[in-house]
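Below is one structure, written out as structure tokens; comments come after it.
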């Protein structure tokens, strides 16, 4: 290494720029003008993106070895040394590009979207966004689990801050807090895993951990990977810690696009891919991951079927797609998962930004039942949104098709039931996306006149990112095109191969015929779902309140209520009991009781002080008698009295 | 000699302060002396332990000498004390106290006591300072506190006094077990006791320290006292004084009774872990900022208590680091509480809300402090809590995991607090801005800077105190 | 005479004195009972004195051993006289103020 | 039974009886008179023990001076039997039981003491109780306590003056 | 010997002063000067300087501990006379006689701190007690005073009877009254043991140890405040000197049962004193109970009987006496002796309040006051025996209880508001009080100043 790797050594610049942006915007939010804030906010990300590109080109060269840039010792104690170090390799570089690239576009979009905010809040927004990018970059760049954890918690914090951005609204604050707390539950698992690794190996640096991984017993590696996965559950919104993500839509829409679709929620996938060495050693965990991923994908998809809030649909869709990615991880298709992260970043960011554009135009109306027919008012938004819908539905040759099929193929290899459920879920995905599309853009407008009067296409700062993302959504899939279509296929897999260890028990690849067959089935299912949704909802939008199963789905399987009933309420109840009963009457009761006991004893003993000489002398005489008994006949009393001698 | 100065300056300044009738001058004098002490303390950081040792004859008949010295941990804690007081004085500069001369006099005496505790190398001397720190604090709470101050602080006093008296018995007990009948730390660190004696003495000392820290179930004095004390005193109590307990365990208890410490570690750690969860849960249901922070502090101290007894060098390092971190953080929180209480006239969550609109800068600073309170990475408490949880987890995985639940609960109540105070709609109709005086703001900024600097680059503090860790762990082995 | 006889006699007298102190209410009689106790002690001391003297005489015919006992009795009498002097004046003072010597009326001070 | 023994038993019985009568007489004057008889009985014992000096002093100081003083006071106050109402019977019983217990227990302890086993008090012989012997020792060896006792009398005197005199 | 003789002489001198000098204010000064002379001669005696060389070793033996103890008593009395001289004048009509009695008491103290013979113990105790009966009743018009005097007298005589019985039994066993013989080595015989128990009871009565303490609150409460001050301090600690002289050589021979006996008495004393004090409304009566509680601590010395115990007893005597005399001196100037009576004292009399606070802190045993080292030594004495350490723990728990009632006064003075009525105090009174407080604090920081006198 070292040969011409100039950019890789400057990798610290990548997170540094957003940090600078954060500081400038954060401290100077009252001094800077809005445009200046926008320029700084986006500019630093662009700078990071440029550096990332430079790094990418270096990493792409053959024979590239991972570069570790160590800045300073973060925690250095005799038992271990955790440096503040960054690791540049294929995986982190890929994520750098996604984060800074998509991040930049969303920043640009935000300059326009958030333009109505007061300058200081505008500055606050951009500083949060910059801080988020900084944290996310730390997460993917860290050369050890602790640095990753810093980013891991940092993105959680930024997510909290941005969800609660409009802090006057207490519902948003609740959503923010919920997000943070649920993330924390996951973080706890992550942290415990880190402790375990640290205790066993005395290091958390990836390269050392993976090279020493064989010292773990089977039980340990399973436990560690499970704990890490708990972290991923929280961050990437998997069952049972997924309910925060739909609520997180309280934040500004670009935030949803960046954090809750494109980047932060994929941190869990990044982490597992990063730890693929460990996961490959723990097949039990892998199966668990696959099952959780698949269940989440299915559950979220069913919920998405009946949601009417445009962002909620997209949120559940995100949860569902993340489930897909975990399915991929669980069946060993690490590259597939990363591939899907990438394509998902493109089209889901696009969908959210498109939705943002719609919401912007609709003056913050988010319910699709009051939209419709926007096609003619917002052409660019409409086209890009349609492309994204096709991409997510897995229609060839859009990006989603390739990435999703890679996962499904791997699932098929692993277990056919996984595949069947996966395909059904894919069908549902196509259905709800086009239900959403149809109700938003097709048919006739159902909103108020005032809203109709204001309908317009968004400004270019918003549409240009849409267009760029649309292009990426369309062509992005070709980096991972399967072998059946091209000879020089799976560029992504080749690129990532140095960081991913193949499972030793990996089955043979499917025959091209089977693979074609699988693709055909999923495409057919998707197309049928699209046609049904399109025809049904463009004519007769679903406005009535749902009933029966529909109501069950619309109410999200009542999971929030369930959590409330079995976790939140009992916990508060216990806390109340502790506060009002145990603390007051119990512990403090004992303490005060001692005091009261002393007073009571004082009051009683006082009565012996009767003032009567006769009584006093009587007590004295009795005491003398007792004392003599004690001294001369006292041996029989020994057991009682020995109590006082030590 | 520098070490002696650290004690003498506040003592003398404190006595002088009693005679300064004018409020302004008293304040200025206190601040001046506190800053002077800070300067001395900063100088002492760069001296080596030998040159900081001062030894003089005191009570030859009793085997006690006036021996003070500073090792890494001592330097750190005297620094914490020296930093806290100027910050406290400066941040509450605008508050008015009746008879300010006595107020500042007692404050400075408390400072002297605290400093003395941290640098005594003679057990009897240590006990002296231990009490010297308590008495003025009692007067401060009782005289300048809230409505229920008299019974509450009295409970606090008696509670801690019982603890220290038991410790006194323990001190005498070990004194007669030293071969040369001496209170010197070197003699006491080489006791040879039977298992029974060691256990007995262990508990005598531990109860005193446990009350001071406080460890569940000896904690009930604390929330009341914090609530009723004037905030400046609460800062001293929670920022520095509770560290006395932790410090004393590390300085005295563990090295004197290494075997008993190992034997009792299960019991202590279980108590501490129960306390962490218990206090966290209670914190969730509080309606008073001070009580919430008080319970939060109990939870944090519980972690320190658990970690100290794991016998793990890393955990010990974490505890020592966290003493500083916790002190800085909680003082920061109290400063904000003080501002709110002074200006809004209430500390009830149910009566607060939306202050972020009235005082955005304060909100930001408070949020950072709150995040430090929940040990977010890149704040100083993360370092400490990381090391401490690590050690507890290695001590026993189940206990570690259970203890770690408290970090979730910490997030719940801390964010709840932030939300209730700063977010949401403004509660009162008046659209007045919350005035945050420049001095208060400056102090908060300093504290935030400390939080972040040591959160990102904790190494100086770790290196400073590593000698203590090495010594203690060697003693435990 | 066996010394135990004297001891028993003295103790019985002493205890009669004690019982008197316990059962009577008249301060003067209580005081008299105390004097009775002192006399019991005196008797005992003299008896012991003679016992020790007897023992010593067996070896040394001119021994004065045991004389301390009788001297002690003398001092007791001296002290008792002084005490009676003070005690009676206190009782008289009390009587002047309250016209009673009943100790049961001495209960302004209690608890 | 020898004369000594008869005397001993007689005096003992007299002392105990009179002592009991001191307790149970309702009239204080009677109590005093009974007490004087006790003192006489005890003086008899002293004489029996050949402690003549003590016997005489006992008669003069106790039976003579002190008891007369008592008698004066009682008569001065004009106390008669009615002036002492019945004491609470329960307390009386408790007092008697307590005193009885004390007696039993002390006797039991003393009788089992080794020093007194087979020891006798020399009766009607020995000369330490004679005035001459005693006086010698008292004014030679015991001069210090003897002189110091004067302080006692001084204070008693002051007491009598301070308390007894009318303001 | 100097003390015994001189104090007897000074007592007589005071009596004559009463006759020849009609200015009552002068008595105080005469007494103070006499005390000063007494103190000087007593201290000289520790250097071997004796006024009258009387060989009385069979009865009295003067050694450093006893002399030092006497010095502390004399010094305390001096402070007492200076602080409370005015109040003595008010207490009764016979001021000069009162001073004379105080000197006689000191004579008794000189005896009980140096006796070697049970006869002297008896005589000493009586010389100590009889003046006190009189002083208690010196305010003849006060019914409470009368009652207190009579109670004190009756019970005191009763306890004298008990003590004499004990002495007689001891004599029966040993054939002599010399303490060294009585306290000979070896197991106690039954007779001796019974005698010791009875003497123990009588002395316990004198130092008001439970369950023989019942007279204390009533008498202290009923007596004129200024007399209570003297009784509760100087006289009481002298009782301990008597106690420890008797038990000094006894430790090895008393056996575990007697140990237990003392232990139980200690616990009872601590319990009765502290618990009952908690409930009191009147500060004066509270102090009476607290003096019982303090006695409980001083009894530790008796239990341990070692060097540390003796050093501690000295310190305790000084610390306790000075602080209590200081408190009573202020108390005597107050109309309302309840706790409420102290409300707001800090406002009207800041200096006096501060000094009172120091005295109370000292009584509570807070460090930096002499009271702390006093308690410290007592605990040390117990722990040094490496035996019955549970007793030390019980002791400290009750010490914590004692904080409750001592601090109630401090709370009243500092944290509560009220209109206090205090008789006018002179500046010299204040300065003297200040000096006492300084001594207490000085001994609290450097107790060696006093203790090293034992070993110079």
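Going in written order, the chains are labelled A, B, C, D and E, and every chain counts its residues from 1.
Criterion: a residue touches a chain if its C-beta (ideal position, glycine included) is under 8 Å from a C-beta of that chain, and two chains touch if they have at least 3 such contacts.
Worth saying up front: this structure is predicted, and the values here are computed from it rather than measured.
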item	value
Any chain in contact with chain C as well as chain E	A, D
Chain whose mean Cα position lies farthest from chain C	A
Chain whose mean Cα position lies farthest from chain D	A
Pair of chains joined by the greatest number of C-beta pairs in contact	C-D
Mean-CA-position distance for chain C and chain B (Å)	65
Inter-chain centre distance, chain A versus chain E - centres from mean C-alpha coordinates, in Å	76
Distance from chain D to chain B - Cα centre to Cα centre, in angstrom	71
Centroid distance [mean C-alpha coordinates] between chain D and chain A, Å	101
Multi-chain contact sites of chain A, meaning residues that touch two or more partners	595, 606, 609, 611, 613-615, 617-618, 621, 624, 628, 632, 646
Chain D residues counted as touching two or more neighbouring chains	87, 91, 94-95, 98-99, 102, 106, 109-110, 116, 145, 149, 152, 155-156, 159, 163
Residue numbers of chain C (touch at least two other chains)	3, 7, 14, 17-18, 21-23, 25, 30-31, 48-49, 51, 55, 66, 71, 75, 79, 82-83, 86, 90-91, 93, 103-104, 106, 108-110
Chain-to-chain touches, reported pairwise for every pair that qualifies	A-B, A-C, A-D, A-E, B-E, C-D, C-E, D-E
Residue numbers on chain E that touch chain D, as the complex places them	4, 8, 11-12, 15, 54, 56, 58-60, 92-94, 97-98, 100-101, 104, 107-108, 111, 117, 119-120, 123, 126-127, 130-131, 133-134, 137-138, 140-141, 149, 169, 172-173, 189-191, 193-194
Contacting residues of chain A [partner chain B, same complex]	72-80, 120, 146, 149-150, 153-154, 157, 160, 164, 167-170, 173-174, 176-177, 180-181, 184-185, 187-188, 191-192, 195-196, 198-199, 571-572, 574-576, 578-579, 582-583, 587-588, 591-592, 595, 646
Residues of chain B defined as touching chain E within the complex	58-61, 127-128, 131-132, 135, 139, 142-143, 149-150, 154, 157-158, 161-162, 165-166, 168-169, 172-173, 175-176, 200, 204
Chain D residues within the chain C interface of the complex	4-5, 8, 12, 15-16, 19-20, 22-23, 28, 31-32, 35, 38-39, 42, 45-46, 49-51, 53-54, 57-58, 61-62, 65-66, 69-70, 73-74, 76-77, 79, 83-85, 87, 91-92, 94-96, 98-100, 102-103, 106-107, 110-111, 116, 118-123, 126, 128-129, 133-134, 137-138, 142, 145, 149, 152-153, 155-157, 159-160, 163-164
For the chain A and chain C complex, residues of the former touching the latter	606-607, 609-614, 617-618, 621
